Amino acid sequence: MRLIDLATSLGCALIGEGGDREITRVAGLEDAAAGDVTFLSNRKYAKYVATTRASAIIADASLASAPCPIIRSAQPYVTFAEALSRLIAAPRHVAGVSPLAHVDPTARVDPSASVGPFVSIGAGTSIGPRTAIYPHVTIGPGVTLGADCVIHAQVSIREDVRVGDRVILQDAAVIGSDGFGFATRRDGTHHKIPQVGRVVIDDDVEIGAHSAIDRPAVGETRIAAGTKIDNLVQVAHGVKIGQRVLLAAQVGIAGSTTIEDDVVFAGQSGAVGHVRVGKGSIVTAKSGVTHDLAPGSAVSGFPAFDLAAWKKASVAFRRLGRTRPRRKR
Amino acid sequence: MRLIDLATSLGCALIGEGGDREITRVAGLEDAAAGDVTFLSNRKYAKYVATTRASAIIADASLASAPCPIIRSAQPYVTFAEALSRLIAAPRHVAGVSPLAHVDPTARVDPSASVGPFVSIGAGTSIGPRTAIYPHVTIGPGVTLGADCVIHAQVSIREDVRVGDRVILQDAAVIGSDGFGFATRRDGTHHKIPQVGRVVIDDDVEIGAHSAIDRPAVGETRIAAGTKIDNLVQVAHGVKIGQRVLLAAQVGIAGSTTIEDDVVFAGQSGAVGHVRVGKGSIVTAKSGVTHDLAPGSAVSGFPAFDLAAWKKASVAFRRLGRTRPRRKR
Amino acid sequence: MRLIDLATSLGCALIGEGGDREITRVAGLEDAAAGDVTFLSNRKYAKYVATTRASAIIADASLASAPCPIIRSAQPYVTFAEALSRLIAAPRHVAGVSPLAHVDPTARVDPSASVGPFVSIGAGTSIGPRTAIYPHVTIGPGVTLGADCVIHAQVSIREDVRVGDRVILQDAAVIGSDGFGFATRRDGTHHKIPQVGRVVIDDDVEIGAHSAIDRPAVGETRIAAGTKIDNLVQVAHGVKIGQRVLLAAQVGIAGSTTIEDDVVFAGQSGAVGHVRVGKGSIVTAKSGVTHDLAPGSAVSGFPAFDLAAWKKASVAFRRLGRTRPRRKR
């Protein structure tokens, strides 16, 4: 694709000569070579601009000049993502059911869907148009899977789960496993509470490799539209997650907690059960929320409290070891 | 089922009129509608009793009145679990081996067991009566699996593992993967120590989705009867876990550690290797045990120490950022 | 095997009588019986030497006498590992492709490789000599897998991944899942950045059960030779991990971070994105690295700082709850 055509298709101005250059790839600043478009989004990498061998760079107005033409964008990272989509071929999914798949006769698979070898689809389940199901996926009975979903290998979708459109499940995600619900008897033994509620995954959700979304005993566990969940994340029974939420890797949300829209949990953080995390809140890495948070909160630590105060306390903590030199040793 | 019959079968008194009502479902306080029985176990939800539309409520003596009849129970959560068991149909597992399964000719599968499509069962392995094995489960050679187990999809049970009766393995659990054992040579390279010990899972254990129970080089890793393990939990090589232990999601127990009976590890907590956690101890969320704990300990933090002291220290930590206003900035 | 022959084959002196004893097994100090060789590596277990029933013990010069002959080694743990390798039979992998596997006609599988039932191998993929692939493994198109690898059940290796020789992937590891890369638009929605980079796993790497190695949008994620990764570990998109690195269970490394050679991350620790952890550094359990670390650093806490200082600060933290008795309560 010609550089000028790429810039035009991205709705961006092209600054500098070279609109005729052929662009075939997107690459990082350090790796880029002739034919590549690169991008500057994280200021930390600005030092690499001068020596990049890229044929063009996507950057905002803070970058005045570069050794190659600049594709000017107010949101370079978004533009980078769009450029990538234009330059790569989307994976082709061949419509049809592999003769090595096992589809219950009562299941309905749209003719435009793609079902790989060793896929198992249960009774009464419905698979929407253009949805691609990779090898070794297990889909239980009574499941509804929407249109244009991509279900990677080794995923398990348990009975009665509902999945919307354009949902992506990375390899080995588990949707609808039993919640960890036990009633402890007087003698200390744990009586399993049948987990017969439902899991609902709304449109445009992505769930990472090895993440687990548990079903509750009653009611439902719900992931609302546009939410993105990274790898190895635990979402317990009865949790409600709002729209456009981001849960980074290894986050854990305990039972019956509600996460409102636009919340971000950074890596290895979590929340205890039965709390509400208000809209747009940010929970930093490794932190743990133990009580309700007002909308727009930014918290850190365990138990998590105000981020700015936590930063000061952390600096003071670091001094704790130094301030009072001990006589002995 | 008539309400009065349900109460009677639960061994509970029914308080109030309406014993003739037909009960078909169990539901949470807020979601319940006519025909549902609900329950009050966590005091936090008491405020919803007045407006519930349930046809009956399970509660202890602290609830004097409700807009519906009360099923009186000293342990409402246990009674709720039992009511649920009575009202739902247990999943039916059709006895027999799917023609799409691969069973080694030397394996013994009880005729009452249920083996789904794409299950692989190794040489010399034995599957007990009424055990249900979902699609895509891999069971290695030399495995013994007891009666009435439920093995969900995508589970891997490695060679020579022993599993008792009534064990439930949630989707994608791995039992018997190699322990992380290496001997580091002088030149810094890591020599793999063959992990040829055994894993033993006793009766009535449940293990969550994506949890891994590693085998040791020598000896065994053991999970004793009645212990319940949540999702994404790591149990390393040579760990011994006692009876009725609860390990919440994302807990990690390092090699050769012993967890005695009735211990509870909350979410994202852990223990280092080669320590002993005494009977009935409680480790709070995100904490890390670094030394032996006496029976009945309650600890928090990392390194974990007495819970009450940790709570005070945490309050003091939070004040650290405030107490000494710094001149600069 | 005779004890004297075992000692000789290990290149060790045998101290004491009994070279004719037949040795058949390796066992821990407490479990060992007649016919077993045991070992003393961790000083914590020295108290069990006097009562061991083992027929021989591997130990360094710190152990002067024992109730059985001593195999003298300056590195007892390495010698133990080697003894184990000599005494156990390596698992046999029968060469050939199971008739129940699905191999794309354009894939090349070395005739000495072993491919189990329900394995799926994609177009253009190449499997090297003597590599063993257990049941239910999914290997996408365009993958290169070297010689003498062991790929356990339920693993997913995605498109275009390159794997070297002697690599071991434990059950359900995922290699090449999409990185968690989204560009957030002004309206708060998250635009997926196509993750079309590559994952490269070099020789002699081992990756644990349920660990995930993500592919990046551009460039590659790389795990260099001799690195060992435990279970449930997250390695995000674009991470570069050096040689002989150890990542213990439940570690998380965020995107674009570089881990140099010989680094150790203990359990449940992690690093944020875009930082560099210098050669030979040690990150203790549950810690989180938030900035570049010089080679040879030892750090703890979150944010992580110098280990010795953190230990003092932790002791002071513990005192915080005690020092100032509060009037109220």
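Should a chain be cited, it is by its letter among A, B and C, assigned in written order, with residues numbered from 1 in that chain.
Convention: a contact is a pair of C-beta atoms (placed from the backbone, for glycine too) under 8 Å apart; a residue touches a chain by one contact, two chains touch by 3 or more.
Bear in mind that the values here come from a model prediction, so they are computed numbers and not experimental data.
Visitor: For the Cα fit of subunit A against subunit B, please give the angle of the superposing rotation, nearest 5 degrees.
Guide: Going from subunit A to subunit B via C-alpha fit gives 120 degrees.
Visitor: When subunit B touches subunit C, do the two copies use mostly the same residue numbers, with over half shared, or different ones?
Guide: On the two sides of the subunit C and subunit B interface, the residue numbers are mostly different, under half being shared.
Visitor: Where the CA atoms of subunit B average out and where those of subunit C average out, how many Å apart are those spots?
Guide: Here the centre of subunit C sits 26 Å away from the centre of subunit B.
Visitor: Spell out, as numbers or ranges, the residues of subunit A touching 2 or more other chains.
Guide: Touching at least two other chains: 118, 136, 154, 172, 210, 232, 250, 268, 286, 314, 317.
Visitor: Show me the residue ranges of subunit C that touch subunit B in the complex, using the header's touch definition.
Guide: 25-28, 31, 42, 44, 75, 77-78, 80-82, 84-85, 88, 91, 98, 100, 116-118, 134-136, 152-154, 168, 170-172, 204, 206, 208-210, 226, 228, 230-232, 244, 246, 248-250, 262, 267-268, 285-286, 314, 317-322, 324
Visitor: Touching subunit C in the complex: which residues of subunit B?
Guide: 102, 118, 120, 136, 138, 140, 154, 156, 158-159, 172, 174, 177-178, 180-186, 188-194, 196, 210, 212, 214, 217-219, 232, 234, 236, 238, 250, 252, 254, 268, 270, 272, 274, 286, 288, 301-303, 305, 309-317
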